[in-house]
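Take a look at the structures below.
Heads up, the next two complexes both have subunit A, just with different partners, subunit B and then subunit C.
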Partner chain A sequence: MKIKTTILTLVFSTFLSLYSFAGESPVNSTVERDVRVEYGEFKNHHLLDNHSFKLFKYETDEKTKYVSFPLPIILWDNGVQTFLSSRFYFGKKVVEHNGSFYKLYHNKIYKTDKLGTINYDENDKVLNEMPLDFSITKNVVLILICLVLMLVIFGRMAKSYKNNPIPTGIGRLLEPIVLYIRDDIARPNIGEKHYKRYMSFLLTVFFFIWIVNLFGLTPIGSNVTNNIAVTASLAILTYLITTFTANKSYWGHIFWMPGVPVPMKILLAPIELLGTIIKPFSLMIRLYANITAGHVVLMSILGLIFIFKNLLGGTLSFGLAFALSLLELLVCALQAYIFTMLSALYFGSAVEEHHDEH
Partner chain B sequence: MEKLLNDFSIGLFFWQTLLFVILVFFLRKYAWKPILNAVEEREEGIKNALDSAEKAKEEMENLNADNERILAEARLERDNLLREAREIKNNIINEAKDLANTEADKILTSAKEQINNEKMKAVTELKNSVADLSIDMATMVLKSELKDANKQKELVSEALKEAELN
Partner chain C sequence: MEIPKIIGAGLVVIGAGIGIGRIGGSAMEAIARQPEATGKIQTAMLIAAALIEGIGFAALFAV
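Up next, the complex of A and B:
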């Protein structure tokens, strides 16, 4: 155990060794920079995924320095291309790798020429070719941390049950939540007969969303569920599980609704079929929008502190931001609960048995 | 919608799906199954313990009821036994009385019979003796009466007279 911990620490410390390097200040330092513009950029950056893990920046006499550590870039461009994101210098430099040139532009990697030319069409859309980007971005790192954290926490919790029917340590805190998901989400919505099959997914999805949402409230964490790709992935998993575990009666109610006249059956089939897709779609949008909205509002109010730059405004903004942070703390758990609850509901409808024709 | 599509990162989607599926499988094997099984076992244990306690209580009650019933039965039995004993005692006394009575009656009647018999015997004997005595006396009288022939003739003629009258 001790050796394992030491190795892990070593690996992490190497990986996390802070890279501090100078970037050129984008605006002439003699000109008073607009705080609003700067903060707006900062806010958007916080909300977006990033190819490097920026911790903070500070300014010396003529340079803005970033404290950050680089993340591996993995591209699919005639084979796998990998290099560290530090070579981009936050988009300021063109990277030459295996004879191709890449440029980081607005958080996206484009193929370009030696000078890093970006071509636009008449709608200001970038025309450059985009290689498939499988980079380990900031969010992927957070997902990985969440994965390790969950494996450690719940692995330990499971171990504590081995000798003792009552868990010890963190298990004591988490057991009520696990039981709550089992007894108040899975059992009533899915039914006593089938709920066990879905427990792994429901528990994992609940704790995953909750933990990554909580990461989002820490100063360093950009928010994982704030990415449509993440919520889409979760929603698609819910959709796939619903679809592949559904019984005959579920499909019967979609394609040939019992108990209504034949023309209605034909009319209802496409609507019902669309409904099965809308359900996970709403899951995806709900989680994404709630977390994004919460962060935008929270960060805007935080930004007011810097824009007001006086005692009253600052205090008010701080109070408001504090109250909103508490609300967001609730929203973190609430959104995880809602996602789990609705997933359970959809699973329940998929395995529900209709004994009586209605 | 366009912003959403623009923000959609295939790489992130790929990693999220991969890592999440891995997470689900690992946690299922190493966490959820042992945890849920342990919890279920514990719940089962608690349920069984409660059930057996309930059962023990019921048994206790049954036992108590049984005890009471047995006690009541014993009491009844005792009462019955006493009553029967009393009855038997009475019967025995009565029977003994009856027996004694009949025996006494028997003795009395046989005594009476004997007395009667003896009496009859005595009477018969007395009769016989009286008859003998009378015959002896008659003989003696006759002998004395019929000593002379005249008197005998007279007597016969008298008897004849009477016989003719008849």
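Up next, the complex of A and C:
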């Protein structure tokens, strides 16, 4: 029991710890560079997906050493090409694989010649050919970790309910949340008759977004929902479920709005149809923008340390960053809640039954 | 070309801020009047605030 408590405490304290450990230290002693420019690059780098799992770097005499996990690169270029990302040396080296040369340039893989030349057109756009990239990146790894975590936690929870209706272990923490989603999100918004069909999706999406957002606050320093492709797929799922479970009266309200004059009905149909697409689109943008904005603000405030370079500025920025991290902890849960809530609202509008004619 | 864009985005953010502030304030009043309806008021408040927030972010991304 005591070991369990210790592990839990450690896990939660890592959630609370700050970004300062998240990546390489932006100050480079050997090369004189503008700290602002360098920190800006570091910040942008942190916000992007990555082909390797960088933990930290340290500097020995004249050499910078990185501690990181390589991740598999999977390319579609005349068949599947696989190799480990460590062969890129963080973009410093050109990889020769099956007779073709690849180079990692600004987190994207390009096909190059033997020397790794990157060609540009007049608008600084890269002209090199890009193979289709299906690599297991940092984000994919974190999504897989989240998947395993959820399968283990909820699988065990479900099993424990078969013998005993009283929750045990982590179930005591999660049962109220599950019940909250059922009783305060699904039931009032979808309705007593249909809510059960949607519960699995709502619960999955809530816990997925929450756990993945919490990963973003760990020193691993990755943020999955900061990637618009992830939020887009979540929003597309909501859209598909709404569209395919909708009843007659939902489509009736879109294409032939009851209770308004005929010219108005014709005018309203395209607007309502557009509305069905705007709803998931706003879901996607909201989640993506909230998490990105949170990280940008947090990173910028931490960056003030390197701009002030004195005790007062450093203390202030640390204090602010700490307070903001706590706020981010709330935002993590809030965004998961809002995504679930609005999804439930859209499902509710899809299955709503109108007995009265307006 | 940059400056009008930034001013426009600023105006939108001010508007979004006022909007969310009003929602929060009204929710406070409503909760003070009917403390037993706190849960429902909070839910409605969060949804409305989230919708306005979306507009604010749209402005930020347009810059």
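By definition in this document, the second predicted complex is superposed on the first by the 325 of 358 C-alpha atoms of A that agree within 3 Å, B and C clash if a C-alpha of one lies under 4 Å from a C-alpha of the other, contacts with A are read in each partner's own complex, and residues count from 1 in each chain.
In this text, a contact is a pair of C-beta atoms (placed from the backbone, for glycine too) under 8 Å apart; a residue touches a chain by one contact, two chains touch by 3 or more.
Just so we're clear, the structure is a prediction, and the values are computed from it rather than from any experiment.
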* To do: Mind working out whether A:Leu345 is in touch with subunit B, subunit C, both or neither, as first, second, both or neither?
  => second
* To do: Determine, under the contact definition given at the top, whether A:Ile136 touches first (subunit B), second (subunit C), both, or neither.
  => first
* Quick one: classify A:Tyr337 as touching subunit B (first), subunit C (second), both or neither. => second
* **Greater residue coverage of subunit A in the superposed arrangement, subunit B or subunit C** => B
* Taking the superposition as given, does A:Val297 touch the first partner, subunit B, the second, subunit C, both, or neither? -> neither
* **Partner chain(s) touched by A:Asp184 [first = subunit B, second = subunit C, both, neither]** => second
* Asked: Counting only touches as set out at the top, which of subunit B and subunit C does A:Arg286 meet: first, second, both, neither?
  -> second
* On subunit A, positions contacted by subunit B and by subunit C -> none
* Asked: In their complex, what parts of subunit B are in touch with subunit A?
  -> 4, 7-17, 19-24, 26-28, 30-36, 38-39, 41-42, 45
* So in the complex, which bits of subunit A are touching subunit B? -> 48-49, 74, 132-137, 139-140, 143-144, 147, 150-151, 154-155, 157-159, 161-162, 165-166, 171, 175, 178-179, 182, 196, 199-201, 203-204, 208, 224, 227-230, 232-234, 236-237
* Within the complex, which stretch of subunit A touches subunit C? -> 184, 282, 285-286, 289-290, 293, 334, 337-338, 341-342, 345
* Tell me, which parts of subunit C touch subunit A in their complex? -> 39, 43, 46-47, 50-51, 53-54, 57-58, 60-61
